[in-house]
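Listed after this line are the structures, all set down as structure tokens.
Two complexes are shown next, each including subunit A; its partner changes from subunit B in the first to subunit C in the second.
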Partner chain A sequence: MAYIPVNSTAEFVRLEINADGVDYSGNVAAAFDGAGSGNVLVVPALQDVTVNATPGTFRWKQLDSLSEKVVTIPSTNSVSVTMVLDDTAFFTGAGNTSGIFSITNNKTETYFRLYWQGNTSGDKYIEGNGYLEALAPTVNPDAPVWTSPLTIAVTGDYTEGTV
Partner chain B sequence: MSAIRDALLANVTTNISSTSCGVSSELPWAQGDTPLYEKNMKKFYLSEESSATTQLFATIDRNDVFQKERSLTGFITVDAKNQPNDIDTVVAAVINSRLAIADQSVNECAVAVDTEEDRITYTFEYRFVTITN
Partner chain C sequence: MKFSPKHKRVVEEHLSSGKHTVILDGTKWETHIAAQMMGIVAPKKSKKDKYRNKHADLEQTLDTGHIEDGGDGISEE
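Coming up: the complex of A and B.
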């Protein structure tokens, strides 16, 4: 039994995105480790992260059974975060990857990689691609710093990997 | 001495210059059991600044957002039996001096009034908040 703590510098959750316009669908890893590595934007100041990986199910009842029957249907996958907005990540971006606002506004296909507990050798990650949605920046006088939720609507499966 | 205290004192000095009250740059220390503002009535005294930095937003990668809260306390005592005619003007001017501190997300000033024997003491609690990393 080993927990997955994220409370030390080497263990921080790390979310990287690449939306440089190149099609990496044949090899998502290349968006981060290969040709696309110069266009990777690290999303800083995450307040919370939720990975949604929910297989859909279809249930039915039949007269010759005391319990429901179930079959799976395609999963709905998404990664949701809440973040404190950083000027560079939100507006500027990195390399050919625009800032988060532009990526959302332009509906640019986005490749992502989420490290669960740091990104050194042996650390686990999941990656995939999708679109940014649910951006809703907010600020108020009692909390005068912009924050926003953000969801990556994942198309297709997650891929699990190890650094 | 803090920049906020300097700015507040300068602003209060200007704002009440034409009233019956004045401003002391001394801290409101006590001589014996009697604080200076009770000994020298109709003089505005302002405390040294207190501050606290607290977490506003926690983040997973420790890019936390903090807020720094600074507070100061001002005092002015007048004769309860014979209040200055312009005491309302003085109190309003002291309260408004909170706006002289720029670049704050909170500029507050609360007033409490205490009557003891033949003295009325107005206590002004200033509170200023800024965002910091």
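Coming up: the complex of A and C.
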């Protein structure tokens, strides 16, 4: 058994997005390793990350059974983070990928890759595509730095990979 | 680039398994170059260094007055 610590150099969680307008649905990896690599935006200053992978279920009861029956229905997948806003990532973007605010505002399809523990050979990641949502930047006198939650509503399956 | 113990471990694994390239924080390296930079293996001597060393040996040989056969033709006699 091995834990997945993320508390030291080279082990940080890393979230990359690519919303350059190209359809990578046949090969999501190309959005990060191939043709789309110049348009990858690293979402900086993450404060927390939650990966939601929830298979839906349909339950019913029968008169001839003492317990419920269950079948699965399609999963609801999403990746939620909280981040400290960075001027470049939020407004400018990288290459043909706009800033996070524009991507959300324009509802641009976004490819993402989440590294669980750094991106060195052997490290694991998941990737997929979806849409940015739940952006809610906030600031107040006692926490005078802009922060915001962000959710990637994932369409389709996650794909697992290794660096 | 700042290397961490994890980087070192990964490079050592790649060296022992004979993999030519390794990715460290998203950057692709030739394994032996990364290993040299981390001090895991000694840097390879360049041709220039080899020439200098050879030349230094020759100078030392002349100083001591001892020249081996098959050298550059210089003889004490």
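Worth pointing out:
In the analysis below, the second predicted complex is superposed on the first by the 163 of 163 C-alpha atoms of A that agree within 3 Å, B and C clash if a C-alpha of one lies under 4 Å from a C-alpha of the other, contacts with A are read in each partner's own complex, and residues count from 1 in each chain.
Assume a residue touches a chain if its C-beta (ideal position, glycine included) is under 8 Å from a C-beta of that chain, and two chains touch if they have at least 3 such contacts.
None of these values were measured; they are calculated from a predicted model.
Once subunit A is used to superpose the two complexes, subunit B occupies space next to subunit C without a clash. In the superposition on chain A, contact is made by A:T9 with both subunit B and subunit C.
With both complexes superposed, B is the one of subunit B and subunit C in contact with more subunit A residues. Looking at the shared chain after the overlay, A:A53 reaches neither subunit B nor subunit C. Looking at the shared chain after the overlay, A:I73 reaches neither subunit B nor subunit C. Of the two partner chains placed by the overlay, neither subunit B nor subunit C lies in contact with A:A35.
With both structures placed on the common chain, the touch criterion links A:A143 to subunit B but leaves subunit C unconnected. Of all C-alpha pairs linking subunit B and subunit C after the chain A fit, the shortest spans 13 Å.
Subunit A residues 9 lie at the interface with subunit B in one structure and with subunit C in the other.
Touching subunit A in their complex are the following residues of subunit B: 56-63, 65, 105-106, 131. Residues 8-11, 118-122, 163 of subunit A are the ones that touch subunit C when the two sit in their complex. Per the touch definition, subunit A reaches subunit B in the complex via residues 6, 9, 12-14, 44-49, 83-84, 86, 141, 143-145, 147.
Taken in their complex, subunit C has these residues touching subunit A: 2, 4, 6-7, 10, 13-14, 22-26.
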